[in-house]
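A quick write-up on the structure given underneath.
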Amino acid sequence: MKALRYYGARDIRCESMDDPTLQSPRDAIVKVDKCAICGSDLHIYHGHGFSEDIGYCVGHEAVGEVVEVGRAVSRLKVGDKVMISAAVGCGSCAACLAGNVVKCATNSGNCYGLSAALQGCQAEAVRVPAADTNAALIPEGISIDQALMMTDSLATAWFGARQADIVPGSSVAVVGLGPIGLMAVESAFAMGASIVYAIDLVPERRALAAQLGAVPIDPEAAPDLIREATKGRMVDCVVEAVGVDATISLSLRLAARRGTVSVIGVAQSRKFTFPISRAFGQGLTFRIGTCSVPEEWPALIPLIQSGRLKPERYISHVLPLSDGAQAYALFDARAEGALKMVLTT
Amino acid sequence: MKALRYYGARDIRCESMDDPTLQSPRDAIVKVDKCAICGSDLHIYHGHGFSEDIGYCVGHEAVGEVVEVGRAVSRLKVGDKVMISAAVGCGSCAACLAGNVVKCATNSGNCYGLSAALQGCQAEAVRVPAADTNAALIPEGISIDQALMMTDSLATAWFGARQADIVPGSSVAVVGLGPIGLMAVESAFAMGASIVYAIDLVPERRALAAQLGAVPIDPEAAPDLIREATKGRMVDCVVEAVGVDATISLSLRLAARRGTVSVIGVAQSRKFTFPISRAFGQGLTFRIGTCSVPEEWPALIPLIQSGRLKPERYISHVLPLSDGAQAYALFDARAEGALKMVLTT
Amino acid sequence: MKALRYYGARDIRCESMDDPTLQSPRDAIVKVDKCAICGSDLHIYHGHGFSEDIGYCVGHEAVGEVVEVGRAVSRLKVGDKVMISAAVGCGSCAACLAGNVVKCATNSGNCYGLSAALQGCQAEAVRVPAADTNAALIPEGISIDQALMMTDSLATAWFGARQADIVPGSSVAVVGLGPIGLMAVESAFAMGASIVYAIDLVPERRALAAQLGAVPIDPEAAPDLIREATKGRMVDCVVEAVGVDATISLSLRLAARRGTVSVIGVAQSRKFTFPISRAFGQGLTFRIGTCSVPEEWPALIPLIQSGRLKPERYISHVLPLSDGAQAYALFDARAEGALKMVLTT
Amino acid sequence: MKALRYYGARDIRCESMDDPTLQSPRDAIVKVDKCAICGSDLHIYHGHGFSEDIGYCVGHEAVGEVVEVGRAVSRLKVGDKVMISAAVGCGSCAACLAGNVVKCATNSGNCYGLSAALQGCQAEAVRVPAADTNAALIPEGISIDQALMMTDSLATAWFGARQADIVPGSSVAVVGLGPIGLMAVESAFAMGASIVYAIDLVPERRALAAQLGAVPIDPEAAPDLIREATKGRMVDCVVEAVGVDATISLSLRLAARRGTVSVIGVAQSRKFTFPISRAFGQGLTFRIGTCSVPEEWPALIPLIQSGRLKPERYISHVLPLSDGAQAYALFDARAEGALKMVLTT
């Protein structure tokens, strides 16, 4: 099959690769219809990924059709159109049974396309372990593109907003307006936010947030503008969707007393200086981490079905898998209005 | 002063009455700017009110200006424009201190205009007991009409939706589309409902709900249509905004397994037959009661300020206080598109 | 194999029966080590059970050893010691995946031993459908007897207390002190109840509750005594563990303003008169239904492991399966201090 | 009057001082019966307090009798025995009205005895601003000593446990076993913790925690022992009751995936290095701050009244106010089993 393979910094190639095969009775093989590039794939693209492996297939967002199932797969069958969760659990532990794969006892943090250990899904096919847990039928009334957005980025955005303790009436700031940040803006409104301040360096991205009803702000000006707009109270809830020290620090400055900062940007810092004294004075809650993708689906599915969430609108480019290298380059450059890059097989 | 006084079934008269005076150091006197008629006032209008008194002043929804305060009033001063909570607490017990006046130890269920014990506010002025607790400054960015809606009906609608356990993605039914029911529809969407079924006998009211994005349904057809639309699951959350046995029974039939029915219609039945066996099989939650008005304000204020809730649009008529009898008659007849009837002094 | 079979009112016989066999690749066959009689089995014993079938095997509380698994069973294997959930889900729908089998889309309310459709487990062996969902390994540090109590009665008691909205500091009443009621008392204290009033007609059962730290009260005296003890406030949370109209009515009288009544007694009434007007005045929450057994296990397991919950102490009798008829008779008569009746194979 | 006054590091003197007087109609003057020394008073004692003032009266934990009230005080009267909240709100803003004085719009973080701006209560009398909000009648069934513990330390311990997201069944670690840490252990059990690991350098303090049912551990050994005991999962909830970088770091190492670390130790660090990358991988929640004392009272009062919480047992010494300097020295040295130091007037 064809697959996007990692060979070093800025060196992703569409090449042949062995077809995936069942490795356990609980596995399924899914022929990929569409896959997408995630902001966190850029960590790999920049050469500071999550392993030293070379030549492995990248990518963790895909939808497709089940073409083979192990004998212990009971919920899916050949021919099913499925969405594959980017977060991968063992499917057997108590956490997985409760739908919380991030807390998985044996497999936590597992994901496709981070190393050769679990090949990615920017390919013509992918092996899904514990398929009953880690994939699901695309529900009626949900398009392929919408399902694709649910495999990671919308679920992460929604989770980020939830973890920011947004309740009806909350004031919110979203820092970073890539696809996940923009969907966090949309999620915040769906949860009842009264106002959302949308913060990014890129004017085009701020303009998209403004179309969603947010107040667009440049990062530099954000603390002062928000202080003025809120008469010094700052915002109840902050969603950080970048993951670097500067934006995490900014986020901590924007939170009100007893506010919450929720970091969903993939954060790799080992030396972040946390303002303990100020946070103590304000009574802050600081949350950080990734989402158990399927845990978010029961809320997302009806909201997409009824048209209240429209994640497909963040798809800016659709290219063939063979143009994967170009798609990565465009996305990395934030060129041509690149937001969500989708690849077709 | 002039006041609307109750003299028997369908006999409300605008007459002179003694001006209110301070009865405790914690009282305030408020000159009423605008007041409104509530659906529950019709219980009184129909002659089966909450006391045997005659000649007392009716009404429990009003906004106005503070003209006199007792020496122990510390949060309000003469000249303040205030909204008066329809729910009246003692202001001193633990429940009142936590903002939950419905749980007030000494005063629970107290309200203006139900008897001569606490004169109503469909008048040129009203005495507000424990004014620090039972009234509040109209916040910046909130109009007089919006504040008036917050004194009871919007707060009740919002509370009804909250008590129905609406979370983002919930499916909802609202039974009864008077002003409170319509605002419950709007509240449900603000809380993230994926779909709202809006049920009322009156086609015009259903049309208004449809404009808010709800699916309008005739009560008779509701169980079958909702069963079909939800493939037998029924809805997660039901808000009942009428209060009679038939609509409470209907509401119980619309709830899904582990669903919640929230009754905010003023319910006076003493012999309601509850389907215990069916409810047991379904795992239902049934909630019923009124709201601690000021408890709802912290969420409502920013949502009105940001334009996400527009309660003023349910005001159908504005008449002088002297036309109060006519306003009652119109409202009772549901004539001329009567929804919220406002009276000016 | 030997099994307890139902032949009519008060006619349960230990007889031979065909061994259970796999009917689906997801089934498991469990050789029963111990099983128990539940209060709800008495509905069947009294002849007003849940089906018209004759000769079926009764019982829904059992632990044992897996002796055969279908090919699609992935979490359990032959030789595993397991506890079997009394609540049976399809294992495939969204509700089952989230652990909430009561909300199961296709199978809700299913349980062993209510009819011939799913044979009971008061037998030497039982077929467990969707075994990955409906049974689990007995965790380390949990005895067979403790596991047996978790298959239904402790889970139900715990759920009943949860659904009563017990939080640290709550005042609680438990109505009905059979094994489930007594475990509800113990659960309430584990959840932080400040005081628990324990109400039953049987003095011996009240004495057991008193040993747990509860205040024992006779049902007749309960409203007055609780009114006096709480200075008129009544209790925050009521757990009803009987299921008949009189005890449900009593429970509704014991609740404070904004209190919650949680009914877990199997309630079959179709004509219960609910005091709507009073409930409206008080702002009550009324919950009723059964529990999704495995949903309660993550909290129960560590509490049993650490010795904070001791459900095994409610086992009053251990008899061989062949004495099942006698066990039913004793339990029905509440004779000889009968609480939890356990049968061994 | 006599008062403990601060004159520099380790220089607290019992001296004469002007009697407090009403400064606003909402103030009350309370004659102090008993006051106590808090761990955070040692920051002042060590010379790195919260202001540059000299000669001000210290202390923020006291109970006593109302001897004078301003004309706008409505809930308290002369002769009332009251407990004074260490956290001081304006009493007028929305946050204060909801009982959340930490979020107070104008006054947040205010406390007695941190500077000359609000004189402390280690004195024969103290002025209580906004007395209706910042003090309350000692409830029936609560002793003077129990009330004294509620003015700050028990409320803080309880809040710390709440903010650690403790639910029934949680595994918990408490780092630091001063009076607040010990009461956090007791609070954790009252909230249903299945197990509590109690960590402190001082063996005597660990022994006290063991008497409460906790597993005592030396800090050095804590990560390894807890890893082994939990089979690598670590604990769900960590309460940090010291406030220095080393113990905050230790706390972060003890938390399980999706766990919560709650810091209530007064933390003054400006350069704490937060392990962002690890926290991201684990999905941590980090909370830090002080409590809105009266917000915790509704849960604490019934738990003390019923004997489930016994905060008075942490009082190790009772001395006259005139021996205040000695009390500070003893407490600072952790000498003679010093835990809670109480001073009488």
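For this structure, a couple of remarks:
The letters A, B, C and D name the chains in turn, as written, and every chain counts its residues from 1.
Basically, contacts are C-beta pairs under 8 Å (C-beta built on N, C-alpha and C of every residue); 3 or more make two chains touch, one makes a residue touch a chain.
Computed from a prediction, not measured in an experiment: that's the story for all the values here.
With C-D and B-C as the two chain pairs, more C-beta contacts join B-C.
Both chain A and chain B derive from one sequence, and where they touch, over half of the residue numbers involved are common to the two copies. One simple way to say how far apart two chains are is to compare their mean CA positions; for chain B and chain C this gives 41 Å. In chain C, the residues touching two or more other chains are 298. The part of chain C that touches chain A in the complex is made up of residues 25-26, 71-75, 91-92, 94, 97-99, 130, 132-133, 294, 297-298.
Of all the residues in chain A, the ones that touch chain D in their complex are 100, 102-103, 105, 108-109, 233, 243, 245, 248, 257-258, 263, 266-277, 279-290.
Residues 167-171, 190-192, 194-195, 298-303, 305-306, 308 of chain A are the ones that touch chain B when the two sit in their complex.
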